[in-house]
Amino acid sequence: MRRGGARQEVEARGHLVDSFILARIFGAIMDADGDFEVSEMRVGRRKGDQSYARLLVRGRSRRHLDRILNTVYRAGATPMQQGEAALRAAPRDMVMPDGFYCTTNNRTQVFSGGAWMDVGRMMMDKCIAVSGGAARCVPVRDVKKGDMIVVGEAGVRVAPPEKPREGGGVFEFMASSSSSERPTRQMARRVAADMLRTEAAGGRIVLVGGPAIVHTGAADAVAWMVGKGHVGGLLAGNALAVHDIENATRGTSLGMSARDGTPAPHGHRNHMEAINQVFRAGSIREMVASGQLKKGIMYQCVRRGVPFALAGSIRDDGPLPDVVADVTEAQRRYRDVLDGAGMVLMVSTMLHSIAVGNMIPADVKVVVVDISQPAVTKLMDRGTRQALGIVTDVGAFLPMVAEELRRAGPGARRPGGGAGRRGGRARGGRGGAAFRA
Amino acid sequence: MRRGGARQEVEARGHLVDSFILARIFGAIMDADGDFEVSEMRVGRRKGDQSYARLLVRGRSRRHLDRILNTVYRAGATPMQQGEAALRAAPRDMVMPDGFYCTTNNRTQVFSGGAWMDVGRMMMDKCIAVSGGAARCVPVRDVKKGDMIVVGEAGVRVAPPEKPREGGGVFEFMASSSSSERPTRQMARRVAADMLRTEAAGGRIVLVGGPAIVHTGAADAVAWMVGKGHVGGLLAGNALAVHDIENATRGTSLGMSARDGTPAPHGHRNHMEAINQVFRAGSIREMVASGQLKKGIMYQCVRRGVPFALAGSIRDDGPLPDVVADVTEAQRRYRDVLDGAGMVLMVSTMLHSIAVGNMIPADVKVVVVDISQPAVTKLMDRGTRQALGIVTDVGAFLPMVAEELRRAGPGARRPGGGAGRRGGRARGGRGGAAFRA
Amino acid sequence: MRRGGARQEVEARGHLVDSFILARIFGAIMDADGDFEVSEMRVGRRKGDQSYARLLVRGRSRRHLDRILNTVYRAGATPMQQGEAALRAAPRDMVMPDGFYCTTNNRTQVFSGGAWMDVGRMMMDKCIAVSGGAARCVPVRDVKKGDMIVVGEAGVRVAPPEKPREGGGVFEFMASSSSSERPTRQMARRVAADMLRTEAAGGRIVLVGGPAIVHTGAADAVAWMVGKGHVGGLLAGNALAVHDIENATRGTSLGMSARDGTPAPHGHRNHMEAINQVFRAGSIREMVASGQLKKGIMYQCVRRGVPFALAGSIRDDGPLPDVVADVTEAQRRYRDVLDGAGMVLMVSTMLHSIAVGNMIPADVKVVVVDISQPAVTKLMDRGTRQALGIVTDVGAFLPMVAEELRRAGPGARRPGGGAGRRGGRARGGRGGAAFRA
Amino acid sequence: MRRGGARQEVEARGHLVDSFILARIFGAIMDADGDFEVSEMRVGRRKGDQSYARLLVRGRSRRHLDRILNTVYRAGATPMQQGEAALRAAPRDMVMPDGFYCTTNNRTQVFSGGAWMDVGRMMMDKCIAVSGGAARCVPVRDVKKGDMIVVGEAGVRVAPPEKPREGGGVFEFMASSSSSERPTRQMARRVAADMLRTEAAGGRIVLVGGPAIVHTGAADAVAWMVGKGHVGGLLAGNALAVHDIENATRGTSLGMSARDGTPAPHGHRNHMEAINQVFRAGSIREMVASGQLKKGIMYQCVRRGVPFALAGSIRDDGPLPDVVADVTEAQRRYRDVLDGAGMVLMVSTMLHSIAVGNMIPADVKVVVVDISQPAVTKLMDRGTRQALGIVTDVGAFLPMVAEELRRAGPGARRPGGGAGRRGGRARGGRGGAAFRA
């Protein structure tokens, strides 16, 4: 270890070894060309026990040390003596003070007023505002002049997510290999099991979906999932809603007949007619209320009261009156739907998936389903590292998941079922075709 | 040919054979299970001559025939006796009348008031409004109550784009093979040649770009192109601007040093700091005016007065104050920048590329550059069939294009050069490194 | 048209317009910078009628004209006065004479001895040997000293494949769009329909498959297809056979349990043990004979006497004793299995698919199924232009195809069924699970 | 910890924490549903120090424990008391004894005759033969009757590769992100630096390459690298050699002129003519000797005496006389060229890359360059986990690497240069164009 320079003692606690936390801390120091000494190390003697480590970190200078500590803290270590987090007032609306603390998507605490407080609604790349004994994560456009914003790294503690080892779920199943060489049916079964486990634990499942759900023929399976309560929130764009409504009202998707797959007469214009019909009715809800929309994903959302948010994008046709054309407002609506989500299923839409990845804490389960492997990888590279990618054809995979849910779900075991599930029971008896009715 | 049924005589004119127009018309009839007889056929005797064909089309019933004719007209044929286009008033704001004509992106004419009139600002999947002797293409959200909208297929004439055969360009070069097995340097040379030819013909080149331009190290090359006048309009989202400004002010992209590629101290927060700096300045233009932004793509756009439009999206960090958060308004700005474009270069952004594809007529040259082959294919499947896809690494390809522009460009030939090009001449002498300064 | 230069009159016959043949001929002339005049043009007056065209082609010089004609002949035109094909003796074994005619994969005829003769076993990029009044396509390594080989382009007539328009099949269905946005179930139904139509016409279906069939869990579905006579030939490499046998004897694929998808004890070595077991038995056939192999794809091939050929490759583990390690010999075996094939199904193996693409005439139906879109595109770029690509997850798609075959197949209609199909009837009754038994 | 059951004490030594070795051991135990207690743990106090851990592992039964230990040993732990490895004679040629130890690609030792001995020529999925005090890795087809083969897991020690932290290379650079969002120029510089570092350490660099090197226009850059001694071995298939020779002798690749990218007259047949020319000469070496081949990759290999091996495959045209048609023999040649390699550069060929990945120990540096991200991922999934993937366009990237080598290489520093480098020095002066001469 270098003589001279600056030093700081830090500690870490948790499943340091098997969750790679210690490896990440050591790596962070070495990547930053720092030096360290292990002052104390207690490894949990048994599976499930926590470990503890204390390190002395050294840098060439105070500045160098600060740079090292910056990454070390983000990897999960904390200084031995914790000081108060520094706060500075936002100079103007939508302007953060210099040196603002830039958040990760990990669970984070702030030491302020002599106590640790959890940061609410954790998101990536935002700042933290403290007021009235509470800390919350704030996007730049929501910053108000005078908000007290955390600056610097002191007084902030980050808990990197620990490796889940609950067993049986798709996360453990997939851990060490590429999904494109795993048995598809098994993956569907695991995803269904994770959904049911999330539901059993009281967690809400949010579906983030693109129009390929409809184009590939999975709309009925998804509508069934929504109708059965397996989807507790829907986040999408204009296209999913348009094509779902085209499919529900005209029996076509991209102008092709959903029944026999041939080009329908005047099919090319069907999605524009569907858009026009919604404008004429006023909104999707009014289409449902007036009996013009009687099936499909959007119908089931309205019928069941499942919250949904449709975000506008530059490539939209229309967009529908229900689409939030202002993206800043759409982000707010998305965050509301995501609040308290236990699991997020992202299907065939990189745009909305990356958006959602930025909005959720790192300990929310994320499953990404896409025909394109790079789409899956990209999301993880963007920081949603907890995401599990399944490279498959959604038109075949989602009906499989729905089928597994039906087989394994409560309805399959409890003959009575609840009101909301009764219709489904009857349909369930007809086998896989239930999702295609 | 069936006896009975309904019949209609149609005609077509143009490079019917080598532009596949006739093949498409025949195919359309057969796909719709119709029948036809060639009443007259005059093939242009020499290369460059137009051809003429007259067909008698038959269907099983009037309804069947109408369905056939619908596709036949869209493939480029017109009925022998042209009637007036039917017009109907829009019943409300943002609601098109039933049976509205749904546009293609091909050049289109409407027969109204006894004469053919061109439809202005042609776009895909819109309607056509006629007023004051002029026809224009109108998105649904811009429809006003009472607008006279074309309904039905009668009185509408479509000119499918003819196969370009001018020679020397990338379009001819690539015609029959996958780009990933073509010499990269040659493709760069051809794209540069097409750009120069477009410029020479007075056409404006619009660049549609994603942040990978910056991440892969092509920002200097693109900034050079803008600075030299090779880019006459920029369409992008928040991310391109953020990362360009991060790169220009902090020397990093995604937190990695652009100089030596290592993680910069505190690099992860640099893009958030860049965003905050723009909010503090008020806008990108004000950053340039105040001397805080002195290089890069956005700087060159401001300096040269190149129009740009940044469209908001649900995944934006910030977004920057310059970003148009309302997507409907962003579409209007995009259309303004695209007005009169002679060539569109789409680089590493599927979202904005599909958006632009929907907004431009089919006779505007489109080159798509992306590392992902499916991204390229998808655009063409969405109707932007004129697009030419180049599967390559933009970080290597765009600097090559810039180098070829420099070598082949006017500056290379005319020692004097114009005012706008003078600086470039001097830099040009320093070789390829010019784009990396 | 240029004065001077050289000229040649050519003619073409067939569905010149809707099969794009004429468009290709015109294009070929223009691409080669040639000139032409249409001397005569008779378009078939009705759907199904053939057309006829006569052109006068001109070049700047005899040499230029020859270059143009070279491409024109390959596009399907023939000279008005047909001369004898020139023949020259091969100077040595495995050496073709200078100027040898290099074949396409289109149906080809040679004019020799005053008559046209079909070239047997048409393949791409080979030469043509004429002897005893017959012409056959010969790979370079099979050329023997003294073989009389066609040289030059004269006396050779090529028939480009015409666009199939039979209706109902997947080829028509997919014609104009990307498969990844089509309903998966519909595509499976269409593929099954094409298979049944091929069988009904007496055609044999050859499956070219990679190990992903096993890894993704589709082995049972494929074994069922083989067992039911839906696959009349299997072309693969070492890996498909190894993993199928691992799956059949140990219940794992890549060491993962096929039943519940978890890593099996010692699973990593299972494929090596499977290989060792085959070596111990002597061959796959001997494993079946001795009762050690009782299920799976290879088992069904042996049981039904379905011919198969396993080609060695540099990446093989083992390879199995049944694998033909010499690739030249393996090519011969492949050609034998392909002889007379009416349809080829290529699944998840680019290596073997490209190999087969080079070996089959252009009028054999080819369906390519792969999770990767570029894999599908690459095959078409290599000259197998008749191929239809379906981008999907084979682990989900092939069971769907099998289910559709079962539903739509002869067994479903004819209660009696043939001997070979009886067992299947019984299993068929148990529903989709039949493929998973 | 469970009472009863079976137990075994194991130990591990090395960079246990920052190389994830301990995390992997813990994970292996938990994945196998085992239990453990940390008996002793000494963490290296400083960067660079080794750590030591001793664990007591328990299973429900001896059988369960053996299953756990199997994976624990493979993760790098060893039993406290090491016994002799069990040996059993191979019962027949090409048949391994039951229970044979199935190798990983990690450095491995066998305890036999009371001492540890290194296993020579380490490869994945082979067995280990011991004779005359030496152990070597043997493929199944090379097993001879009576060979003494290691069976069971006892007496075998595996050293998982430690995380390289030398700094400056592409491996560190890329560690945490997807290459497609990294600056291309930087990546080329890092690859060149790694090559030069390998050379400086006396390591040989082996290039594994596909024909896309030629098609994308990188043949000159690669030929320059070979000519300058930067490539010490070439592993490829038939296609690379054919297209390189087509390019060198006819100036075309896939029939397109390399100079101006247009289709060359008769271009489609050029690669078949190139093949015929090699057959006529007898071999590539004879073509060089007779002056018929004067440039290109294969020419430089012959001129410099760089060893190469061309493996046959089922899709080969020809294949060339130099191609080893028997894949088992080709594997032997590949292994000879790879013997002692310090770094392997894999470019655009999944087939040969996976083959090589199976043949090299896990501590050989591997860089994979491909336009397709899944191709890169697949290699890592197959066990070549040390591979670093760069998703780029080889036609642009390899010339960049060659340019960086030229700038940074010995020639740039030592004006004299060696005999083999003299010609290159002169060319080097002409700048980037040197690779394109």
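Chains here go by letter, A, B, C and D, matching the order in which they are written, and residues are numbered from 1 within each.
The rule we apply is simple: contacts are C-beta pairs under 8 Å (C-beta built on N, C-alpha and C of every residue); 3 or more make two chains touch, one makes a residue touch a chain.
Keep in mind the model is a prediction, meaning the values are calculated, not measured.
Trainee: If you average the Cα atoms per chain, which one ends up farthest from chain C?
Mentor: A
Trainee: Going by residue numbers, if over half of the contact pairs line up, that's a repeat, so tell me which of B-D, A-D or C-D repeats A-C.
Mentor: Matching pair: B-D.
Trainee: Calculate how many whole Å lie between the centre of chain A and the centre of chain B, each centre taken as the average of the chain's C-alpha atoms.
Mentor: Here the centre of chain B sits 33 Å away from the centre of chain A.
Trainee: Can you check how far apart chain B and chain D are, centre to centre, with Cα atoms defining each centre and the answer in Å?
Mentor: 44
Trainee: What's the distance between the Cα centroids of chain B and chain C, rounded to whole Å?
Mentor: 37
Trainee: Could you list which residues of chain C touch at least two other chains?
Mentor: Only 31, 177, 180-181, 374 qualify.
Trainee: If you look only at chain B, which of its residues touch chain C in the complex?
Mentor: Listed in rising order, the residues are 1, 17-20, 22-23, 26-27, 29-31, 35-38, 41, 43-47, 53, 163, 165, 172, 175, 177-178, 180-181, 373-374, 377-378, 381.
Trainee: Any idea which chain A residues touch chain C in the complex?
Mentor: My answer: residues 173, 177, 180-187, 189-190, 212, 215-218, 253-254, 256, 258, 260-262, 371, 391-393, 395-397, 400, 431-432, 436.
Trainee: Quick check on the complex: what are the chain A residues that touch chain B?
Mentor: Residue list for chain A touching chain B: 31, 67, 70, 91-92, 94-96, 100, 102, 125, 140-141, 237, 263, 265-266, 268-269, 271-273, 275-276, 279-280, 311-319, 321, 325-331, 334, 351-352, 354-355, 358, 372, 374.
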